[in-house]
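Order as written gives the chain letters A, B, C and D; numbering starts at 1 within each chain.
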Amino acid sequence: MSLPQILFLVVGVITLGAAVAVVTSRNVLHSAFLLALTFFGVAVLYVLLDTPYLAAAQVLVYIGAISVLIIFAIMLSRKVAAPHLVQRNSQWLLSLIVAVLLFGVLAYLTLQAAWPAAKQALGVDAIGGLGEAFVGTYALPFEVVSVVLLVALVGAIIIARER
Amino acid sequence: MVPLSWFLILGAALFCIGVYGVLSRRNAIGILMGVELILNAVNINLIAFWRYRTPDQLTGLVFAVFVMAIAAAEAAVGLALIIAIYRTRNTVIVEDVDLLKM
Amino acid sequence: MNLIGLLSPELILLATGLLVLILDMAFHGKEGRREWLPFVAIAGLIVFLIAASFLWGTHTSLLSDMMAVDSFALFFKVVAGLSTLLVILASWDYFQGKTPYEGEFYGLLVLAALAITLAAASTDLIMVYLSMEFLSIGSYILVGYLREDPKSNEGAIKYFLYGAVASGIMLYGMSLVYGVTGTTNLAQIAQVFAAGKLTDDMLWLMLPALIMLLAGFGFKIALVPFHQWSPDAYEGAPTPVTAFLSVGPKAAGFAILMRVFLAAFPAFQLDWAAVLAAISMITMTLGNVVALKQTNIKRMLAYSSIAHAGYILIGFASVALDSPSLFNGVNGVLLYLLGYLFSNVGVFVAVIAFENATGSNQIPDYAGLIKRSPWLAGTLFVLLLSLTGIPATAGFLGKFFVFAAAINVQFYVLALVGIVNAAIAAFYYLNVARYMFFVPSQEESHIAIAPALAVALGVATFATLLIGLYPQPFIEFANQSVRLLGVF
Amino acid sequence: MTELYDWVRLIPLFPFLAFAIILLFTQRNQKLSTYLAWVGIGLSWLLGWTIVFRAIGDAHVLEEGFRAPIFSIPTGRGLLQLGFQVDALTTAMLFMVPFVCLMIFIYSKGYMHGDPRYSRFFAYISLFATGMLGLIVSDNLLLLYIFWEVMGLCSYLLIGFWYEKPSAMKAGLKAFITTRIGDVIMFLGMLLLYSTTGTLSFHEIFSEETLHFLKETTVWLPLVGTVSVAPVIAVLLFGGAVGKSAQFPLHVWLPDAMEGPTPVSALIHAATMVSAGVYLVARMFPIFALLPETASMSVVAFIGGFTALFAATIALAQDDIKRVLAYSTISQLGYMIAALGVGAYVAATFHLITHAFFKALLFLGSGSVIHGAGTQDMMEMGGLRKKMPITFWTFAAGMLALAGVPPFAGFWSKDEILAHAFEEFMHKGVVSWPFFVWLVLSLGALLTAFYMARQVFLTFYGETRSHHVHAHESPKVMTYPLIALAVFAVFLGFVGVPEEFPVLGPLFGHNLFHHIVGHGYPATPLNWGVMGLSVLLALTGLFLGWLVYGRNPLKEGQPDPMTKLGPVYTLLRNKYYIDEFYSKFIVRPAVALATLLFRFDNSWVIDPFVNLVGKVGAWLSDLGRIFDLNIIDGIVNGVAAVTAWFGKILRLTQTGKAQNYLLVAILTVLLLLGLYLYLPM
């Protein structure tokens, strides 16, 4: 087993373990911190996939922004998010069965295909290319995303601002 | 060398964990975390496919970046809605939010 | 035409939306309501429709094949513009005193219209995803706009949670499509399949991917069983938003469904057509049957709009673009959507007028409406007839075309189920008519309708009748709009 | 001068204009509304008859038809031409419809006098006339269907006109929905026809090539397999006729439709709506007759014949003067449908026309009686002959025509149907539809004469059986239309006298009617035996009626002699319990199913299930704890848990949970994926 494989397995186990803990923990705040850990694990995977730039973005956006937002929200509603409350609903068992079956189906579908085992050489300069793509090939989606962010911002303020 | 299928299985697992979280958490914020897991699973898929199948183009990479941006926008709106609900109802338990039915 | 010219409708919408937001901010805190803001939005929309009309007949793709400028996209530009115009008229008096952010509402609504036009024009999975999310995020905000109303909140949070998961599933499907074909461009995806170089194990992944895409599209259209958010969101949302939701995002969902499946997956038509036919039958039956039992008119209309989505889907499940017949399916979908736009928004305008005057959404409260406001009762009656599908109204034309499309490809069972459902639907639509005309009410006071609402109601009724009585130009329009870039 | 025929476009327009003007402008002014409606229908009548009398002498129009296009819809295969036309069948209908409508319009002025929604009534009947006139001049099925639905809508408005009466409202809805069931089937037939031939316009469908093409084409149907397409189209289209012409089993709306004002009953039962169904079958007759050996014709013959006898028996035991006429209408429509089923195209059309005149007369006559006597119950009437002489004499003329007594109009048309059926039966033998039709219709003729005699004797003879009936003759505006219609009821039959009939035949132009509509169909030869038998049956029926009701007129409080039939009477009086059957076996299960589905979606079948699974899980984990605690406590806890669990299951109407919704969505995806993985293996 090569080094990258070992690294993958270690990071993968940590990521999935953290993810499982996120959805099962009784304390929502713990969930939020574990979520940040999951995000970090995914960032490491991105490094394994030769995209350190994306790993940095992952850390910035997911850990720096989304996790923090979530923790804020938990703090704001802390009274009802107290650790002693049961955090799973009445359909959890059925959900578990569904999730496991879904995983079975997806895993079967992905494994039956003959995917390439090895990477090819990287054909583009990922960071520079990405920068060019956003103002070139993907200029339109880029603009759309900026408008979406604006709308989300305006909407979030309208809905959540203190009276 | 890590085979592509390993990444895909990891993505599928993360996706299903997210689905379970979405279906089973009582707390709206918990459900939102499940959604974030789903989006991360998709991103793993996208980047892995990009790296192994079309490393000479940027499509998958760009797609993943856009998904991140949209995830942030979605989280902002979602959390705003959760806070609004908390203000009017004093709860973030989704099961208890069921005035509308029939 | 240069890039700016080709993009001018979208740019005008963007500018209008931002202008409304900025003007609202600039005049914040001044005396009185900023009553002229809706006029800015309306003016922008009219300019948008005019600019769009200049693109009639243009067929090209823009910005590295990210979006198409074709008749199909143009049709949905018209749908988006008209429905937003009517909804703005309908919301004129609605928000007064209900929210301090009345101005922003019009800005967000115009931006939602922009999202619909982008969705209908997207020719790349990335753009499809982004424009759908654009529309979804806008819609969540609009549904939850009355933040102090628990129902509005609740509708929004349910809509949001459902939408976020549905788009996640769809995204997973998109990642599979990308993984197998190595591209996100719809035309290139089709080329990969057409080249026939994919091995069976790869092709095997495509139908699961399509099923996952369908979850996302089905959510936008509210197809059974991805429909359950819609009655709650429709009831909870401010009524003008409900009117918008029942038309705009639904049309966008259909546009995306048709373009993606036709442009990227024609190779799998046998499979998806069968699944869509089954979903269509379930959708209209469930929508109709449950609508029978509703007493809240907004919920009734929510379920009826689910049923309408089922009828419309008949057309697409029976698509046969190469058939020499007049009924190629897609034109039926377009005609249906056009008629449905006017009839359904019209009905909602009537509901808003009634709600503004009485504060009620219960069907029994419509008793004796003919005495209290003959204009309201009369127009509502015509619009309900159109939704029922009575000849000489727009609703009949759409139903005729989609049912005929099913017959055309020998989907007899589908046509039969559709027609039986159309007959069932008469019960609950006429039930409202029964209350309005035949049940006397204790309340006798006259109902006054605000001028903006009266205009919207008149326009909707007139258009409904016009399409029904003089369908020729509209059929022509729909026939032309079937032209999808790279497909037909 | 073909230009005259071009004016056919205006015929439906006049009443429509009247409708629009009355509704929009003259609601307040009753007089003006009346005159507007009169002028509208009057102009249609004048123009219609001008066209009719020109067309009669114009062999080209009768054989080929004249088409006046209105607009066209571009299609993939060319143009879908929509327009109006004049041809033989249209000519015949155009002779009847506007005139009968006009009479009813005039009559309505007297009958509706003093009604609070007087103007609106005239607006509605004008629209109704628009529907019928448009229908008969349409040159294609699509336009025909549109006018057909306009009439359906009007019937809803008119039957429910006195909506203060709950029964009227219910009857209106019943008519609308029952006929809509037929319309749905008809619409399917239309679509199938269009998808097969690519056209809906009559002259294209009936062209040699298209008919030949239809003959050769087959269609695959689930359960049935591959069959010829023409009979399928024919049977589907016939579904529309069954609904509109109130044939069994969709006849239930028509008797209830008498809840509307009587002129409406006359319109619906005589001149317009019910004729539309027969007209449709007659119009599409080439398709029915394309493959005469297949099911389509036998279905038509059977339904028609059965309805004719079935409705006639019900009419025997009704006390309501309008209800008797309603069932007699159903029965007579059965005659026409059955006639078409054995190929007697000309005879059926002829009966359609004559029947419209005398049935309109009978309905208006009954309206006059109701107007004068103030009741609809024949058991309370009696002796009205002296007080309402004009009504009596005209009603008697209608009655004799309906009973089939020579030389009244109904005799000739009914006899032609019987003669044709007999002729066919002679060809095909006893085990054939024509024999069934001949037998059933002959029996029906006897019953018809009997119940009509019963009606006349109960109403006009003897003494008044109720002290609050103070009858008086109706005003002139009502009696004049009766007289006009009576003239037709007496003499109209002469246009269809068989050619061989001594004296009368040559005198009236050698079967003029056959000359008009019968192009391409051989004339039915005169059969003295059949004619003698039908006269005998009619006279026997009348005689029996006189024996039971005329010789000793019923006194007040005396029971109807029909009650002596015992259970048969009860069965007939309750109309074979068909309404009850529908209510119990169709309406109620449908409502129950709706409730069930509703529960499934909302009160959540899945929710209890989800909770069950969840609770079982929690319960199992509790079990371990229960064992640890002391036994008594454990039992108490267990019982409490189980009770709470049951309580929760029973209380499971909690809904509106977003995650339940999501579970369904994801389950669906999973199910579809699973199905996909499973199926190819």
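Please note the rule applied: a residue touches a chain if its C-beta (ideal position, glycine included) is under 8 Å from a C-beta of that chain, and two chains touch if they have at least 3 such contacts.
Fair warning: this is a prediction, and the values are worked out from it, not measured in the lab.
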From chain B, the most remote chain by mean C-alpha position = D
Taking all protein C-alpha atoms shown, work out their mean, then name the chain whose own C-alpha mean is nearest to it.
-> C
Weigh A-B against B-D on C-beta contact pairs and write down the one with more.
-> A-B
Between chain A and chain B, centroid-to-centroid distance (C-alpha), Å = 6
Just how far, in Å, is the C-alpha centre of chain D from the one of chain B?
-> 60
For chain C paired with chain D, centre-to-centre distance based on mean C-alpha positions, whole Å = 39
Centre to centre, by mean C-alpha position, how many angstrom separate chain B and chain C?
-> 26
Note the residues in chain B that touch 2 or more other chains, in rising order.
-> 8, 15, 18-19, 22-24, 31-32, 34, 53, 57, 62, 66, 70, 73-74, 77, 81-82, 84, 94-95, 97-102
At least two other chains touched by the same residue of chain C: list those residues.
-> 126, 130, 133, 137, 140-141, 144, 147-148, 156-158, 161, 165, 169, 208, 232
Of all residues in chain A, which are in touch with two or more distinct other chains?
-> 89-92, 95, 98, 102, 105, 109-110, 137-138, 141, 145, 148, 151-152, 155-156, 159-160
Residues of chain A that touch chain C when the two form their complex = 105, 109-110, 112-114, 136-141, 144-145, 147-148, 151-152, 154-156, 158-160, 163
Any idea which chain D residues touch chain A in the complex?
-> 609-611, 613-617, 659-660, 663, 666-667, 669-670, 673-674, 677
In the complex of these two chains, what residues of chain B are touching chain D?
-> 19, 22-24, 31, 94-95, 97-102
Interface with chain B, chain D side, in the complex: residues 602, 654-659, 662-663, 666
Partner chain B, residues of chain C touching it in the complex | 125-126, 129-130, 133, 137, 140-141, 144, 147-151, 153-158, 160-161, 164-165, 168-169, 171-172, 174-176, 178-179, 182-184, 231-232, 235-236, 294, 299
